[in-house]
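Each of the next two complexes has chain A plus one more chain, namely chain B in the first and chain C in the second.
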Partner chain A sequence: MPTLIAPFGNADWLALAPVLVVAVAPLVVLLADLLVPRALRRTSALALTALALIVAGIVSLQGWGHPFSAFGGGFQAGGFTIVFQEVALLGALLSLPLAGRLGRDDQTGGGLALLLWSTCGALLMAGASNLLTIFLGLELLSLALYCLCALAAAPSAREAALKYLILSSTASGFMLYGMALLFGATGSAQLAALATGSGSHVLLALGSGLFLVGFAFKLSLVPFHVWTPDVYEGAPLPITAFMSVVTKAGALAVLARFAYAALPQADAQALLIPIWVIAALSMIGGNVGALAQTDMKRLLAYSGIAQVGYVVAALAGTTPLGLRYAMFYLVAYAFMNLGAFGIVGLLSRDHEEGSRLTAYAGLGHRRPFAAAAMTFFLLALAGLPPTAGFTGKLLILASSVDAGYGWLAGVLIAGTAISIYVYAKIIYAMYARRTGTAPEAQAARRPEPLRWLGVGICAVAVFVMAFYPLAPSDVLPQVK
Partner chain B sequence: MIATLIVVPILAAVLLLLLPRRAEGTAKWIGVAISFLAFFATIGLAGAPDESVRWLQRPFTANFHVGLGHGLSYWIVLLLTLSTGCALMATNVPRRRDFVAQMLFLLGAMAGVFLARDLVLFALFWDLMLIPVFFILLGWGPERSNSAWRYLLYNVTGGVALLLAVAAYGVLEGSTDLIGASLGHGASVVGNGWGLWIFAGFAFAFAIKTPVWPFHTWMPATYVDLPAPAVAVVSAVQSKAGLYGFIAIVLPLLPEQVQAAAGIMFVLGLVALVYGAVVALVQDDAKSIVAYSSLSHLGLIVLGIFSGNALALGGAAVYVIAHGLFSAGLFLAIDQFETREGSRSLKRLGGLGARNPKLAGGLTIVALAALGLPGLCGFAGEILILTGLYASGNVWPAVIALVPIVLAAAYMLRLFQDVMQGPEVADVPQRPDLTLLELLALAPLVVAIVLLGVNPGPVAGSANVQSAVSLVQGTR
Partner chain C sequence: MSPMPVDVLNYVLLSAVMFFIGVGGVILRRNPLIVLMAIELMFNAANLALIAFSRVYENNAGHIFAFLVITVAAAEAAIGLAIVVVVFRRAKHVDVDDVAGLHG
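== the complex of A and B ==
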């Protein structure tokens, strides 16, 4: 008879340390919001949030090279978890410079607290190896995001939040049903039990199918992507940037762990074929969808669909190298996408976000540095050198060919060819000659060192990663 | 030190943007100086040992490996630096600082393509060299023209196909550090189901870039819309990247697939040869004539490459350089009468030769080289390719290839006659002859045209060129 109060040891809490840092920090942020004078509230909230994320990042890195299982198999510490945690923390940290405009002044503290809790969910998902922990992390991530989406003053924000709430909850429903079936098949909520279980084959197939549908929804893979552009467009800019990296990192962690470690060896490849097909559809559908967009946030939403398709394609065949390249591309994607969002942020004015494509016409003549940086990030997203996008695509292609999924490599190539048009369209608008584009008045702009810092970090990372494709070893997921 | 040929121009391009916008003259001379420095550095570095730094270990070995040798790479880099220097010398395009920066970036990226000894590095520079041309078309091409789009979409599509082919070859072979390496590689790829796909990927990319009919439709618009210095370099050198790829990568690494596909490539080359020449005959725009004549000439080189004959292959190498020299010269000369008369239309122009004897003289030499006059470089390449074709038993292709060579005389002489001879056209303002600077820009190309025509031996390699590899690296 198992006791209800599990005897957790110190090691268990150690595994959870980065998650705990990010879980407790929002309380500090909220308290500080009450104590600090009004003029300093925004600054203090931003500083405390950034500090919490950096501390969590450092704490998380301490565990490198010491994989172990905590909470009776509910949470795995180790390289795999750390990589995804760092990506999530990075995504949250680099979307902060954009958050200068998160809601009204008195909403900043609360908004950032929610952002931290949402990150906390992603950190939990990175290490979750039990169906319940997975669900806990996912809901923590999502619930905070529903509120954050509604933070903007525009009515479209509330619409986005509601849409996100309803569709995401539906997906959660699918997933829960899948989890129930998986539990029914094996009699355990541990992922390890799935891998070794001898349960009913039909239940296992149905359960994993529904489970994957749920995650395809969260990752906004085609054909479960329709909510993404609307939500991205309606949500405030920093939250869109946050979602495009942190949500995807968390969901990809679960997907990768499930694909690599949680399925019986014999059936794994067959059970996973639908997910590779979905990845192929996303690579094409995301890029085709992006063709017609006239709003930068919608365009980046569709481009993100395709980019995640590339990452999932790297996992095809579930080879160890494939996982490493998926991680490499995910990190590269985080940097180039956040960089692009950073430029969108730089173009934002007080009452409008710089997300209409018309705002980019002639940008190369008005603001050469912003245009050059944007061009660089778009080239990276398109997979052209000298960027991490180029090296990342090469590695993914190699891994697909290596794993025997040549057709997926072919689809990736086709998707990339379509995407060239999408990204070059913006570059074209920025640099095409137009008569009568007067240089923007210099005085109208405030200096924005924080946003430029964020953009600069992204640009350097995207450039350096092209030539130092460090793909860490020791990152295979475990489920024990 | 070989790597500086790539890095210095690219760094200089970035640093140029720090100059004040008005420093147009300074920017131009910096560009000219760097191009000619690179030219002499290339001569100095001939035969220098390769340089290599480890890049990837998994999933296959890839290195930052560059090498110059004294073979085809060496000659093409000489052509590249010389034509860039000449093209920039007399240029007067607007916003020259930005333009020179783009041209130097192009110089560095293209040097990378021809110096790379690793397939991944080759693919990287391949994509990189497309970007400045796209920007030049955007910034300096005519407004409301879609040539920038066509250029980018066609060539990047080729580029991603190349990337897949490189990745697949790397996975199957375990290494991509293969350009110019000794033969014997490729055994694992041949016989594999991937072999034909890899060949298709490479051939697709190279055929678009060259361009080979029917992948050429981006080319005339691009050549017409590019400003003169850019089109001189792009037609002289960038179009050779595809042919170089066939010689340096496809021939040595995929010998079986080359044999299987030689027939198709022959047909495509012959169609391009005839089609380009016929279309060139009826063009009114002088730039269009040269653009379509390029399609025709490059088709002949494709025949030479896929003939499987050492003589024809050597001829292809000579013609690669020769076409670069005279097409750069033609485009520069066309620009020189266009800046004088404000037109390139054959119907509109006439009788310029009487007042512009230097310009007429320059155009004569490059046009004669293009139509294959013995003693100039075009003839040296043509005769080697045709002899090789005949010797390897491809009699009919050799006979068919003769027809466009005769047509070349027709369209080149028509170009010269309509512009330089005949009665002067009254409503066209007549301006003075070539300045010293413009003459200096044309002179090195003319000298090189004569030198290569008289002594094509070093480019063609010794008479017993055994393989494409020795052609790339040089045999000395």
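== the complex of A and C ==
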């Protein structure tokens, strides 16, 4: 082997393969944009992006059972990484059918390239096991998203981009300063060095506090959630759908790895208590915030805040079972949330009209299939049977009581009770009134097979997962 | 002679002061350009802390970290300025309080 590449063994490349696929694919997309005739550009960009995401998903799955590491321990493959990578790839793939309207025709290639790079950041975060990789993954994810938010022509999209930029960068600042203090505690950027617990306790506590504040911002947990509804409402629909799954998957991966593997055992439970409190606040705050919303995207933003609260609650006590159930619920959340966004996409044709809640009045009579699917996804988000949301919540309740966090289970039930009212209100509006807005001209509506395909996949997955709660095993995160 | 003539605590305290000036700037200033500068200040506070700690432990990890942070901060500033230009292209002056179309 030539000495130049000696630091990189084969295992390094295998560990990084999915990340590399998604990092190189945008170049192909951009190149194809130059070579393909104008009329085919949108189609070719979408097809290439979908292909890249599927290939990366398959490549990532090949690594099951092979916990390779790369960058001298900075990136760790293995079961944990693969689960979060698959969720991120799934989120990106299922937001593609919505991307038919992403920017102008000549912006599609660039937009999808940015989407892929953003996904690449999430894939890096899924396996990041040193502070530097976490930071770079997060920034790659965020920087591409700032641009994507600003891609739509509407002033609201630009406003969303500015708000997202300023608040998210501030959160990055908090997180980075926390990282600097964590580095100061041990003198190493590796998470494994923290786990030994040999460093300064003051720096460790301060550093992990700031680090977790930054991540609570990124995960939009209460009380760091104020940016989320504005950004979700203003951003183009495919980007909102993408953000609601991919950023959360990436940030949750880092949070879970930090909680499970990086904190020294002696201090971990005490240092993490604020995170469980924040999860409880999110479960209540997200659902209460959703009560007053008149816009579907804002409502789904608040719903997402509560849903991430449930996932974090599953981690309470950092039990191995809790992690598996958190992963199960995250996958279920990805499907039901993307399904709901898919329906919003089906209802909004030229503009964002499908996101107003008034557009849903009487929907059950105008478009019975869309209304039925929406009802199913809303039931799943509320956590009612027969959906994966119900099964997932049951598992989380079991694991949090098991871990000695009965109060979190109580808060989860209270939050669910509020959320049932939120979603039932929409379902009632869809079926109760016959009129609502003027019926859409049936003939004028274009058939949208891709979007229905996406919605169908989500619906089947949410239904099947309800009966087969296969929480993956062998997924405890490693740090080297 | 010790490799650190100035106690490292001073560097860390200075970085903490810089960090809080940055936080204050983000919260208090209304001009998005100044807000972006305040965010840069937060990043650079972290850089200073990283390099100071790197000298305490006498390794290079902190320096490498700081270099990458500088790179990322430059990219962030470029995107940030582009977004500010796009948002305020038609406005006479720039003020983050004017950007309030989305709320509820």
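In the analysis below, the second predicted complex is superposed on the first by the 464 of 480 C-alpha atoms of A that agree within 3 Å, B and C clash if a C-alpha of one lies under 4 Å from a C-alpha of the other, contacts with A are read in each partner's own complex, and residues count from 1 in each chain.
Here, a residue touches a chain if its C-beta (ideal position, glycine included) is under 8 Å from a C-beta of that chain, and two chains touch if they have at least 3 such contacts.
Quantities reported herein were computed from a predicted structural model and do not represent experimental measurements.
When the two complexes are overlaid on their common chain A, residue A:Y431 makes contact with chain B while staying clear of chain C. After overlaying the two complexes on the shared chain, residue contacts for A:G78 are found with neither chain B nor chain C. In the superposition on chain A, contact of A:L131 is made with chain C only, not with chain B. By the touch criterion stated above, A:P469 is placed in contact with chain B alone, chain C being left untouched. After overlaying the two complexes on the shared chain, residue contacts for A:I166 are found with chain C alone; chain B is out of touch.
Touch criterion met: A:A189 reaches chain C, while chain B stays clear of it. Once the two complexes are laid over each other on the shared chain, residue contacts for A:D402 go to chain B alone; chain C is not touched.
In the superposition on chain A, A:K393 contacts chain B only, with no contact to chain C. The residues of chain A lying in touch with chain C in their complex are 131-132, 135-136, 139, 143, 146-147, 150, 155-156, 158-163, 165-166, 169-170, 172-174, 176-177, 179-181, 183-184, 187-189, 229-230, 233-234, 292-295, 298. The touching residues of chain B, counted against chain A in their complex, run 17, 55-56, 58-60, 120, 123-125, 127-128, 130-131, 134-135, 138-139, 143, 148-149, 152-153, 156-157, 159-161, 163-164, 166-168, 170-172, 194, 197. Those residues of chain A whose C-beta lies close enough to touch chain B in the complex are 321, 368, 379, 382-386, 390, 393-395, 397-399, 401-402, 406, 409-410, 412-413, 416-417, 420-421, 424, 427-428, 431-433, 467, 469, 471.
Against chain A, the residues of chain C that register as touching in their complex are 12, 15, 19, 22-23, 26, 32, 35-36, 39, 42-43, 45-47, 49-50, 52-54, 56-57, 59, 61-62, 64-65, 68-69, 72, 75-76, 79-80, 82-84, 86-87, 96, 99, 101-104.
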